[in-house]
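There are two complexes below, and they share chain A, which is joined by chain B in the first and by chain C in the second.
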Partner chain A sequence: MKFNRRNFLKIGAAAGAALAATGKPVSAMELSPGGKSVNKQGVERKKVPYTCMTCNIEDGGIAYVENDRIVKLEGNPKHPGNRGRLCAKGNAGLLHVYDPERVLYPLKRVGKRGEGKWKRISWEEGLNEVAGKIRAHLKSGKPRKEIAFKWGRNRTHGFIDRWMNALGSPTTMNHTSVCESSKKMGMQPTWGPDIETPDFANTKYIINFGSNILEAAYFHNPYAQRIMDGVAGNKAKMVTFDVRLSNTAAKSDEWHPVFPGTDGVVALAMANVIMSEGLYDAQFINDWVNVSADELKAHLAQYTPEMAENYSGVKAEDIVRIAREFATAKPATTYTYRGPCKHLYGSYNERSAMLLPIITGNIERKGGYCLPRGMGWNGVSPSPEHPHEHSKLHQPDNYPLAGHHVSHHIAFQLLKGEEKVAIWMDYYDNPAYTFPSSHVWEKVYQDEKIIPYFVTFSPIISETSQYADIILPDVSYLERNDPENMPSDLLPWISLRQPVIKPLGESMEFRETIRQLALKIDPDGSLNIKKYFDYGSSENYMKMHFDGVAGLKELGGYEWLKKNGVYPDYGDLSPADYKYYKGGKAVEPEYGLHMKEDANGKVTVGGKKRAGFGTPSGKIEVKTDFYGKAGFNPMPVFKAHPWHWSGGKKILKYGQMVLTTFKWNVHTQARTANVKLLTEIVHKNPAWINSKTAAKLGIKDNDLVRITSGVGHMVTRANVTESIHPDVVAVSTACGHTAGGRFAQAMNNAKADAWARDDDPDLKNIWWNDKGVHPNAIIPVCTDPIGGSQGWFDAVVTVEKAKSGDKYGDVVASVEKAVAFYEETLTYNVAGKNHKKMHPELANAPQAEPVKVVSRGDYREFDPVQLA
Partner chain B sequence: MTESPAQPQDAIKNLYLFFAQLFLKEVDAPLLERIRSGELRAPLEEAGMDLKFLEGDAQAALDGLAVEYSALFVQPGSFPPFQSVAQGGRYLTPDADQVELFYQKYGFEYRKEYPKLFPDHLGLELWFIASLIEAEQKAKAANRTQDEGVYAAARAEFLKKHVAAWAPKYFETAARMTKHPFYLPMIEFAAAFIDSEIERANV
Partner chain C sequence: MARNVMVVNLERCIGCQACTVACKTENKVGIGRWRTMVRVMEKGRYPNAKRYFFPTLCNQCGNCEKASKRNGGAMFSRRPDGIVAFDQAKAKKDADGVYERAAVEACPVEAISWDKVSGLPDKCDFCAHRVDAGLMPACVQTCIGKARVFGDLDDPNSEVSQLLAKHGVQTAKPKEKCPGVFYLGLDQMFADNLEGFKEITGADVLSGKVKMQQA
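Up next, the complex of A and B:
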């Protein structure tokens, strides 16, 4: 083209005429009458409390805001969970807000799914399209369950259920089976709640089974502080069983690299030692456990320390010693996270680990293993009922105890046509990256016959949302409202997540998007939907939650919470001991909740009825009928994984190892990958291989290695180290992204031609070329038939030096082979051929009663009564 | 015919507005018609632009333009035309405040709903210059010589402090990002125009 002043003037003149002819455009710029007073001396800095959501811990924060821009985030010292401190992810949180690769406008797919072609549309157009599709489906008479909603992180506290229940669809799908659901399903039948709150700060002994609590597990920031209080301030001893020398293991007094999935047998053997040596708390067992000490002794006798050594590799003498130390330390506590529970029979492992604090009477005592504390808020009325229709995607057949569902089966169920989907909604979710055999999800999302219409509320274009037909962008966590509560401390609390700034661009808070959709779907109320969404605004919805809460109400309810962020106010945090002080006295938690007098209690102790535990008997149910009635062993037992063991012998061949994954302290599974300050710290994930194992295989540090599972293979580099069990290869999550942004994908200047953004100053800061390799595609589905959890740490792989033609970053995975693993894992469920084989001890037990599978709501919905 | 003194300045102002529109929003149906069969076609073709690809079905042409607009300026993976992003790698750095303060200093306020944008969007910065030219023209027409000078100086200062600081490099990058028969020449055209403006303002 010829660019000269003559052309400029000609085109400019024509442009003037054109702009005049097309109607005067709305001016982007207005002259303010009299001009504005400009303050060059700076602007007011506001402090706005909020609740973090970079992960699921829900710490309290303070946002410092200038001119509606967040300039800094800090911990809220009034929040009893995190006591004024944020973790690295929390500190970097504002980068989620200002990420230039965030979706700020509704986008509509153009071209093929996943092709990356979008056009911006108005909210009106987007909402009309989605509402039109849903309304048409509802009016069509087709099954409502074909309207499906899958979430990955749901902190809406019932709002997604409200939405789906109002639509009359039971097809709400969560993520918990890739998280810790078998821990939950080990705990809930045993003592009621799905989680524990160990009193680390006041303990004398901690046994940590498979939790990297100083970095990544529930509730890493609050618990890391309390563990340090306990270890440094109270001289507590900490013993960690983990396949890998995590930073938690490294900070422990002892690290025992345990063979994957055998934490349970170690715990059972310790319990055996404690019972057989008379180190147990006879009074506690007598009062509060539903089996006698003699029954326990008889049951545990089979789990000798030598047997546990055979499976776990932990020396029998260490097992005996640690058992004695734990039983006599008083107070003492255990803690578990994914290590024990993410296996084929992970629920049994969790129940086995729970035995230790139970038989030593360390339950609900200062420094012990305590029930979670919580506070509630009011529900919002009216509230729609859960639909009566059943969806196998929500709750599959033959997993009667999987109260938190089996979400990682869904892609396979869809492939096999178990259920039909007409409209798929996706929220805070990325299964095409975070789920096992993630390539199967990718295939399902790509197939318009399986998912004819796909709407996402994602604020980023991830490995999953890239396949959406339409994006109605949600806001970041610093621009939204939610009520919050977590048992991250023994002082209970409720808190508010509130927008600290106005939503950027045209992004819209999910609760508001759904409200507008509902009103478009049912404008006159004839579909019985509108009335559940007539709350006016998200802020009003929060008012409905909080204004009536006793105690808070007297202070000013929601308005008070907006100013303070968290309720109650426990006083001033002392920098000396990090306790709260009121009137000169330290605020101490309440212990012995089960011992509280309660006229309706089921258990009488000391001549008085007590509150007890949330089980049918009110006692701790070491023997649980829920398991028994569903066809599982009612006692805590150990089941050796048939992929790893046969007749008590390890069956791994030369070069074979168990693949495990792990999380970093600076990353969630997927959402932090494009946060530059975090990804600069961790962006690659070489495979941890034990130095002796590596030597046998001729693998040197940094060598290119091929890791092959039954599903496929990946090519990565070796991190040869002493810090891992010799039979284990570990590859972290959070790396190897194929979508999500330039930091997630390490699109630096060297790749500027592909990315074409070489004047972006941040690209110059991406000094690394290596984005790592993501292992999930090659990890087969392996499901705990009890809790429904994915056995992330069960896959047997062969590790060898890379072959000719292998390239770093190769990931090759077969859908057919992944489906074969899915078929295999079904054989372990209660109706499968391997169920009885794995439970020979139940051969003479009464036949399990058929269990009715019930579709239920989705938030912590396990209701034992429905399984009784 | 002799150009009146106002005509070049009108043309320059309108060119700023034209580019502001192109960067702020997707091409809409009325503008498409002015480009492919209205008064814009001849001068654009004379400048060397081939507009044949825009002929045929209007909706298809608009969709094609919208997809490219999104790929270049809107969707993740594009290069959003904001001074903060270009200079600081994220939205709403203090640069955005400085730009907004500049607008306010001269009595201007940007419409945040057009569409919901931050003050340092390329389109808004160009629109602001157009607005300064208009204010300068009005001051001149009203014999407010001092105001006329203030607006002229503001325009030069804004070009120097803000537009010149990032837009030329941005155009260069954006031009490399596309082979699109409309957006590539338009970006090149905008780059040449802004370069000439910077040169003329001697900043």
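Up next, the complex of A and C:
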């Protein structure tokens, strides 16, 4: 279809005119928005509610089944998060079940590690081998912490901790530092929870610092719906600061391209404007903030709009204008998930952005920046204690505030021999693809001296699991059990993930595999493991979670949840306004949670004790002792990245840019690449380069370009565009797989591997041959010394036209150079030589008290007591 | 009698492609062809670059039906509720052995594609089987931005009627008198004439579509 103006003449006026004079918008016979599905013959299908897991948002779904095959997925209209709708990934989710490359029975390596030669074995053989190794280790008297477990996505809600605690090993390793950890560590000391739930649907103004919430992030689908309700429905204004014109920036009223890592100083300058012009909420600050308005004014005075312009490139007059608009357009909210925190000192950036809703009193009000609402379920007892041994892989030295650990350091720690590993378990994880300097992980996985025995539960032979010695394949998310909740709406909910069909082939749910392993490791209970896994079946385990939940119990407990998928039942969803109605009345969320009367409250407002916030003082702690005592600035501050700035001057040389990565709306980091319906929409990832920058460098659209970092280089194609900051080059991490399947790797009509199948006729219709080039190997480690997050968007690279001999897809990365960056980033931690240099303002501060770090199994909660 | 139409409110479309994928799973549409897809286009100079999302699908204009009938075919037929339905069992081969080539090429919005396996033409039929069961079409059901609205234009109280009454609406191919799909915000989107845009998703994905792969 050609697009030009001629093709798009108006005819609508005529169509509309005849209808204009009609009555009230009521009582039309509208079609149903879901809860039922028919096949082409009109026959109604069997339905099973489930909870989605194609990303980490946990929306509610209903699976429709015909002849034991899942034929369609739709959102569950009873789920207040996604309200009956699924995103592209969720709609395509059934293809994770029918992935032709999915491993459906246990495999044992027969060739060299990573060579790709496998032998089918029985479950009995596989379980006996793994249980035997673990039992032998436990019996040997060697340190239990040599049993290691690394996960990338853990929706088991405590089950992995149960397993590792029962084995007595503290070496549980997560993934949070490549994700949001510095956002959490910015927020938790400030107001308690690690996330916010903005009331987008009712807001009037949104400042979005670097979040691509309309495409990805927490909570993409629910929040995209609410933002469109706010922006299109409520005529809210949305202003986005981002280095790249994301779809979110594109739907915003204003897009301000910022220099990477400088949103924090923009936020501080806006806060300065709001304070100095008296646009703040004096009452709220007085009642609920642990510093006074005068202290805030004095602290913020250093962050002038001109200073922020110098760093960010956003005009001072725009900063002033937006600050005034934000402060006066009540209600208003910010959003940051998760841009500003993914830099060196990202935790400071997050705290700086939080200032805006705080000082304007937009906390916990309708249309404002609200606390997350949660609901829980019962724990399963008995429950093993967390081991007392300490593992540096779980929690490294000198990151006292990294309450969510520093997972991307682990490969380097192993290379340096900081800890020893005997048995490595790999679950829902792909660091050899998704972590910075991913090639270092490859090296570690390949080395049988570092990882003598490698078990994976992955049903996909990925860049990581290809190095396994044995595969005990887990099921897909539509064949497993989990309890779920997420604060994706102001109406709290809990939901169930349950098997929609029987697991395909011989694949076995992880919870069941672990139960069987535990019983084999400790058949007579003498090792004190058996009793924690004596729950019979995965389904029984679920019953133990849910049966006793008050309210749910009266409805029928677990059995009721199986039929409905989500609790509570908020009533009927109206497709007109997307509210739930019960007895003719719209169900509205509660606001002002901190103001609730509470006899145990620490804060008194209006003569009454109030619930307050989850901080030591019960107030919002703009000034936090947690930071102060650990040697960091207790106030929100800005630290210019020494790779980019020196004395306030940008130090990028000719051809140098900052490399940034991003997600597409149809992909997760690694798990969606073999989903044909998503990969046909996005399968390649050319480098976005600003047209002016490209012209200077003689690069034309689609040219081969070489991108060189301090670690190595990659050769890809240029997407010359108007949609990116001139100092930035952006490459999506969705593409460029070297493992994972024929759709992921654009291998049309290729022969199936021995464990794979040819049961999808589309394996002969793969019409694209460009699978993209993956950037993570050349991205150096750069760690926020506070929250421990990887600074994904900090790497300085040189972009030039490809050199002779360069081939599309080349990725060359040096392990030594990657290690040098790791060593460098350690110098920024509290014990490193750059820490003092980066904090001249603390020269006269009292000596930091030594901080005790306690190794902990629980990855979700930041427990101040442990760090105080 | 009902007159079923779709209204696409471009202000609310976020380009998420949930509709594209839902349509494929609902209607078992394989890769390399589409009943609907959201084209993504950019226009304007940095820092004033703009991006547009444009969901495309069969406009139910009936051109394919006419072209097929001229050729002696009977695959397409308009239902009383306005939907241009089709029956693959009645598809007829052209002289070159390709099913219904004339009908496919007569479509002004390139909405018909051949199934790569069977070679039979396929297109959006507003999910007639769902509509007949009282359900919204799959793409409307899942639309994250609530951009796609479907209903009966003969019912003045329906959401589509209300939207059309309130807003200036356009169609993708006005000359074809497309009766089935209306857009809100198209005038704004194309006020600046989109010739010279850069297409992010859509062009390469759609290009191979009408070229029939001979089995």
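As a working rule, the second predicted complex is superposed on the first by the 810 of 868 C-alpha atoms of A that agree within 3 Å, B and C clash if a C-alpha of one lies under 4 Å from a C-alpha of the other, contacts with A are read in each partner's own complex, and residues count from 1 in each chain.
Methods note: a residue touches a chain if its C-beta (ideal position, glycine included) is under 8 Å from a C-beta of that chain, and two chains touch if they have at least 3 such contacts.
Because the structure is predicted, anything quoted here is derived from the model rather than measured.
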{"item": "Which of chain B and chain C A:279 touches, first, second, both or neither", "value": "neither"}
{"item": "A:69 touches, of chain B and chain C: first, second, both or neither?", "value": "first"}
{"item": "First, second, both or neither for A:116, with chain B first and chain C second", "value": "first"}
{"item": "Partner chain in contact with A:30 - chain B first, chain C second, else both or neither", "value": "both"}
{"item": "Touched partner set for A:677, first chain B, second chain C, both or neither", "value": "second"}
{"item": "Partner chain(s) touched by A:87 [first = chain B, second = chain C, both, neither]", "value": "second"}
{"item": "Which superposed partner A:100 touches (first chain B, second chain C, both, neither)", "value": "first"}
{"item": "Which superposed partner A:812 touches (first chain B, second chain C, both, neither)", "value": "neither"}
{"item": "Set of chain A residues, in rising order, touched by both chain B and chain C", "value": "1, 3, 5, 7-13, 15-16, 19, 22-23, 25-34, 36, 38, 40, 676, 761-762, 765"}
{"item": "Complex contact set, residues of chain A against chain B", "value": "1-3, 5, 7-19, 21-23, 25-36, 38, 40, 43, 67, 69, 95, 97-105, 107, 110-111, 116-120, 460-461, 504-506, 676, 741-742, 756-762, 765"}
{"item": "Residues of chain A that touch chain C when the two form their complex", "value": "1, 3-5, 7-13, 15-16, 19-20, 22-34, 36-42, 44, 71-75, 84-88, 90-92, 94, 214-215, 221, 224-225, 228-229, 232, 245, 247, 250-251, 255-257, 576, 578, 665-666, 676-678, 680-682, 690-692, 721-724, 726, 761-762, 765-767"}
{"item": "Sites on chain B touched by chain A in the complex", "value": "7-8, 10-15, 17-18, 20-21, 24, 26, 28, 30-31, 33-35, 38-40, 42-44, 46-49, 63, 66-67, 69-71, 74-77, 79-80, 82, 85-93, 96-97, 101, 103-111, 114-118, 123-124, 127-128, 130-131, 135, 169-170, 172-173, 176-177, 185, 188-189, 192-193, 196"}
{"item": "Residue ranges of chain C touching chain A (in the complex, touch as defined)", "value": "9, 11-12, 14-18, 20-22, 24-26, 30-32, 41-42, 44-47, 49-51, 53, 56, 108-110, 116-117, 129-136, 138, 141-147, 150-153, 155-159, 161-162, 164-174, 177, 182, 186-187, 190, 193-195, 197-198, 201, 205, 208"}
